[in-house]
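By written order: A, B and C. Residues from 1 in each chain.
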């Protein structure tokens, strides 16, 4: 059995952003030399998401609009009594999920035709980390 | 370490459908001869879900009503400027999640009494694929 | 390859509750003696969640308020024609997700500074089970 653990560091220029990180993950999978296995991609901050969807900027915009609708910024969240203003980000990240597990088959990410891994930031402009852990043989 | 990778092909007769795929997954787990490990079940299309819930048609109907309420069909999604009409499906699939990882213990799916794996289709009437990857020993 | 399978039993005194179970998971990971690998933490009942978020009671209260808003108790869910009154719980658990997979690196849970694993109960006052399965080397 082989494992490899690497971290991606992401600091978005804006508070909210969706970014395709598939190529970064594929590079780590290549370095791991795992032929059959799985790779976990997981946001290590609780105001960010990792999810799989289409690489399409119109869709990214729809997703940001939608999570804002279902978990709006600026509400009187109790969490914000701690001095934070990011109560919405904690909820948004749960709507989209914070991790994915991708199959590795014949040394490649085994993804469908439109599947791309995305990082969703809901409280950006600070350095965040994503763990990428490969396990297999 | 052993791995097995198989694919399920699903083409639903209607646009929206929820379908129990537990038996298909269990069959693949049996064929894999893995005694202790995990099986990943993941929708390879970005308008479909895989989730665990009760095998109960009333609940399936509640789920379809609920995702329609939170991510309605027919809105002016920016994604649809590409010519698609399935903006809602991309969001619905994220509400329910697109993959599950099931423990395999003593050569069997280690599920709770009511846990069943379901496929959720939100843009059907075309052939879709689900990857089922077993890893263990 | 090593695997370990243990179960947590949780019976909450109230119908709805969020509880930090990180220490329980860490103890099981320690016992497993896995140095590099992953641990799956998954609710075995379909009216409960397992998710990662901040250990902050104000946030827990926000989360409970939020899932009640998006999937209210007491609606005329079709599932309840079976005699149940927990239709909301089945939906709430899907909003937050029912499982997480945590990386184990150098014999420890490899979590970000604020990441904590939580159990979310939406139909409590009965004994529930969570499977904790470690796989690695």
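Definition applied: contacts are C-beta pairs under 8 Å (C-beta built on N, C-alpha and C of every residue); 3 or more make two chains touch, one makes a residue touch a chain.
Small disclaimer: the values here were computed from a predicted structure and weren't measured.
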Chain copies touching (subunit A, subunit B) - same or different residues, decided at half shared: different
Angular offset of subunit A relative to subunit C [C-alpha, multiple of 5 degrees]: 120
Approximate Å spacing (C-alpha centroids) for the pair subunit A, subunit B: 20
Touching two or more other chains - residue numbers and ranges from subunit B: 1, 70, 95, 97, 101, 135
Footprint of subunit A on subunit B - complex, ascending: 1, 3, 5, 40, 42-46, 70-71, 77-82, 87, 90-91, 93-95, 97-99, 101, 129, 131, 133, 135
Sites on subunit C touched by subunit A in the complex: 1, 36-38, 51-54, 56, 58-59, 61-63, 66, 70, 95-97, 100-103, 105, 110-115, 135-137
